[in-house]
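These notes open a run of structures that come right after.
Below, chain A partners chain B and then partners chain C, in two separate complexes.
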Partner chain A sequence: MSIIMQLIISGIAMGFIYALVGIEYTLIWNASGVLNFSHDKLITLGAYIFGGTYILALKMGFVQGILLSLLTVAIVGVIIARTIFIPLRNLTMIYTIMATVMLGKIIVEGIRLFWGPVPFSVPGFLVGTVKIGKVVISRANIAIIITAFICVCALQLFLYKTKPGKAMRCVAQNRNAAQLMGIDVKTVMVTTVAISMIICCLIGVLVSPLLNISTTMSNMIGLKGFAAGVIGGFGYLPGAIIGGLVIGIVENFASMIFPSVYKDIAAFVLLVAFLLIRPKGITGKTR
Partner chain B sequence: MLEIRNIDAYYGKVQVLSNVSLEVGKDEIISLIGANGAGKSTLMKTVMGLLRPKKGSVIFQGEDITKIKNTKIVSRGIVYVPEGREVFPEMSVRDNLEMGAYCRKFSSREMKTHLEDMYEIFPKLGERQKQLAGSLSGGEQQMLAICRGLMSDPKLIMFDEPSLGLAPVIVEDMFRVIVKINQIKKIPVLLVEQNAYMALSISHRCYVMANGMIRLSGRSEEMLEESDVKKTYLGG
Partner chain C sequence: MKTARRNQYLWMGALFVFLALVPLFADNNYYITILNQMVINMIVVFGLNFITGLTGQMNLGTAGIYAIGAYTSALLSKNFGLSPWLTMIASVCAGFLLGRGLGYPSLKMKGVYLSLTTLAFSEIVRIFATNLIDITGGTQGLKSIPRFSVGWIALDTNTKYFYFILVVAIAMCLLSIRITDSKWGREFRAVKDNQDAIESLGLDIRRIKIRAFTLAAMYGAFGGALYAHFNGYITSLSFTTDLSINYVIILMVGGIGNILGNMIGSIVVTLLPELLRFLGDYYQITYCILVLASALFLPDGLISLYGKVMGVFNKRSVAEGGE
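This part shows the complex of A and B:
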């Protein structure tokens, strides 16, 4: 029984990571109509800025390191929005897609130059376990669940209850009409990319106790987060959360039934199944 | 109020408007009629600052707004209710209306009185305020688009083919409301229509556009009388 509980909890934790990935690229998709193919590299960049620079090189405390990392990536987000998403916004989608692919390459090579090619970890960050009754949970998983939950709630409140949040949804639903309301579409795009970058960085920080920090650390997370969006209902934020949790839990149980080398396949089997049978996703909503 | 002077506008290299001049006076309803593709919507977009003219100027309340940012033009009080309604489909009717006042800093009391004002004009919208705009019928969406435009207390409102695709009964309703807005709220109206008879019957003056040029203008009553206008532009 307690094994099943443990699997569910670690599944939920990974599920929230996938959900955050789903949210992070859905935001950009909604604001600019473009898939950001550099998103997994941006997650990696966040982890490097946090672990490589603020913690290991500058020896900061974890809290201070996290806050400064988030601030740093937000600034990077503003730059990316101004150099890629805004100048290319009225061209055919393929140009922006190519630009984000190239951005991903630049980030990876930049990381190699700046932080070096050797993977590393952040010692002492969210290590250890907590015992609740008979269930043993890692601190990292608890941190992931709590942070992701707060992040999702805050984002929902922002999008549904505040004026700038509503403006963001307006741009997502009808860019022309948003302009006619006097909404500054460029500002909304910059804000969206910055928020998306902050989420990417949070993901990078949260998974750094689970994975070594390396240039390939988030390849799998990036793909599964994409699957989460499709399975939940593409472009619809609550869908990404549901899709993420489904993948997280299903793949953990799959590792109990099948040899664990097949674990990563579970998400993609689900993805293909949904594309064939129910392409609109579990929620059936888009946007 | 609004004065459009000798506008030339292009999409890329293709000229869409040539030497267009048009004026909307205080308290007037002006109709702009013309066939599909004549350039009517393009003229509206130029006024809104969404398309920059190559030549000519747009004067609003005595000031040149030709080169002003689109968001500033909206907050100066020009509202464009676009062709094809363009509501925010995944937002409630109420949220749609509130977004109409995006450029104003209303207190929640002011917002409430504005909303009630709109529900008075179209009680249907009040009944459906919690419903998603995308689930409304075409006529209801048009009412929503009109009211969303009125939410910011505009000083000039431009309607782009509000009757497009609506049942005749609803079209009459729509035009009655447009007249009411003009008479009670004292808002000048620029009305773009293909439904020329309707537009002429409620407007004070009229401009006829073809191939990006103003071909005729005059008092609407007289236009309705003149037989060659009928023949050429009204299809009768």
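This part shows the complex of A and C:
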């Protein structure tokens, strides 16, 4: 029983990571119609800025390090939005996909040149376990669940209670109408990419205790985030959260039945199954 | 219009003749290997051109299809001793099944689903190829895949194999031209240009897209089989997402939807990393920046450059004629 409990909790933790990935690219997809294929590399970049620069090189505290790296990636996000996403927004899908893929490759090469090719980890960050009754939970999983929950709530508040958030929702619904109503679509895009980058960096920081920090650390997370979006309902934020949780839990149980090397396939099988049976996803809302 | 097309055919012929002449002057195993890879890339990209170039649906899973083709042919010929001719046909059949099976769920709906499923599919293929060590050899790879012979000529050297696949590539190129100029090709282009118009004419978009994707998968699997028999050794490490992206890069750099462009793209993109080697550590990043720049500033590929240059010349000659 306690094993099942443990599986569910670590599944929920991983699920929240996929949910955050889903949210992060859905925001950009809704604001600019660009599917961001470089998002997994942006997660890696966030982890490198946090672990490589602020903690290991500058020897900062964890809280300071996280806050500073969030600020740094937001600035990077503004630059990327201005140079890549705004020029791309009117091009055909093929060019936007290709340009973001190449952006990802450039980021990886930049990381390799700047921080070096050797993987590393952040010592002492969210290690150890907590025992509640008979259930043993790792600290990293608890941190992931709490942070992701706060992040989702904060995003919801931002989207529904503040003016920039409302503008983002307007642009997501209808870009042309929003522009006619006097919303500056370019500014909204820049804000969106910056917020998406902040979420990417948070994901990078949160998964760094689970995976080593390396250039390929987030390839799988990125792909499963896409699967989460499709399973929940593509382009719909609550759908991404539900899809992410489903993938996280299902793949943890799959690792109980099948050899654990095939665990990663569960998400993709779910993806194809949903496309065949219910292409609109669990929530039935797509954009 | 007609002369433009005839010009393109002339250029294609010239390129093939040029490629056929290269081994006579550069008889170096390294160059011949690159040439072989170049022509195999060309065949795969001819296929990718149907789905991504003409129909406008992004396929990011060419590596998976290519891997399936390579493993099908290699395993059948190695374990069951079948003639590679038969196993290559088998891998084309595998490509056909793959195109149907993967195309049906992902092309049923409009949108980006094909890019996501193909990306996921190639990842699944890679995971299986890496972990089914008993069958595929995993990352250690599959060794001593047999070469084969055409009639009485054994394709034992790389140069002979190069001439064989060059002939195959010419055949594939002619087939591509035939398909592009037929009703199928016109349907593919119509899907990219105006989906509503096609629906109002009573054609089924899904079937057209699936047909294009199946063609792409067949070409891709065939290319994979040719690669397996050329290299004699395949490992799951080479079938990564980067390979799929590389094929789309070839398509984009050359010129989307244009067969001559595909040929130019595969020549340029296969050679470019070799030419940029002198940059050492910085060659990958330079390569990526060049490709990104070409996507942003030269969206119609290198082939459009030719048109622009010819346009300038034509204008000048018209002006001179007027004087």
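Operating definition for what follows: the second predicted complex is superposed on the first by the 286 of 287 C-alpha atoms of A that agree within 3 Å, B and C clash if a C-alpha of one lies under 4 Å from a C-alpha of the other, contacts with A are read in each partner's own complex, and residues count from 1 in each chain.
Keep in mind that, in the parts below, a contact is a pair of C-beta atoms (placed from the backbone, for glycine too) under 8 Å apart; a residue touches a chain by one contact, two chains touch by 3 or more.
Predicted, not measured: the structure shown is a model, and the values here were computed from it.
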Specify the outcome, clash or fit, for chain B and chain C once both structures are aligned onto chain A.
-> fit
What is the contact status of A:M93 with respect to chain B (first) and chain C (second): first, second, both, or neither?
-> second
Value for angle(chain B, chain A, chain C) over C-alpha centres, in degrees, nearest 10, is 90
Mind working out whether A:S2 is in touch with chain B, chain C, both or neither, as first, second, both or neither?
-> neither
So, does A:L276 touch the first partner chain B, the second partner chain C, both, or neither?
-> second
Which partner, once the models are overlaid, touches more of chain A's residues, chain C or chain B?
-> C
May I ask you to decide whether A:Q179 touches chain B, chain C, both, or neither, giving the answer as first, second, both or neither?
-> first
Does the superposition put A:K166 against chain B (first), chain C (second), both, or neither?
-> first
Pick out the closest CA atoms of chain B and chain C after fitting on chain A and give their distance in Å.
-> 17
Mind pulling up the chain C residues that touch chain A in the complex?
-> 52, 56, 58, 60, 104-106, 108-109, 111-113, 115-117, 119-121, 123-124, 127-128, 131, 241-242, 245, 248-249, 252, 256, 281-282, 284-285, 288-289, 291-292, 295-296, 299
For chain A, which residues count as touching chain C in their complex?
-> 35, 87, 91-95, 97-99, 101-103, 105-106, 109-110, 113, 219-220, 223, 226-227, 230, 234, 259, 261-262, 264-265, 267-268, 271-272, 275-276, 279, 286
Residue ranges of chain A touching chain B (in the complex, touch as defined) = 163, 166-167, 169-170, 173-174, 176-184, 287
Please give the residue numbers of chain B that touch chain A in the complex, ascending.
-> 48, 50, 70-71, 74-75, 79-80, 82, 86-91, 95, 98-100, 102-103, 148, 152
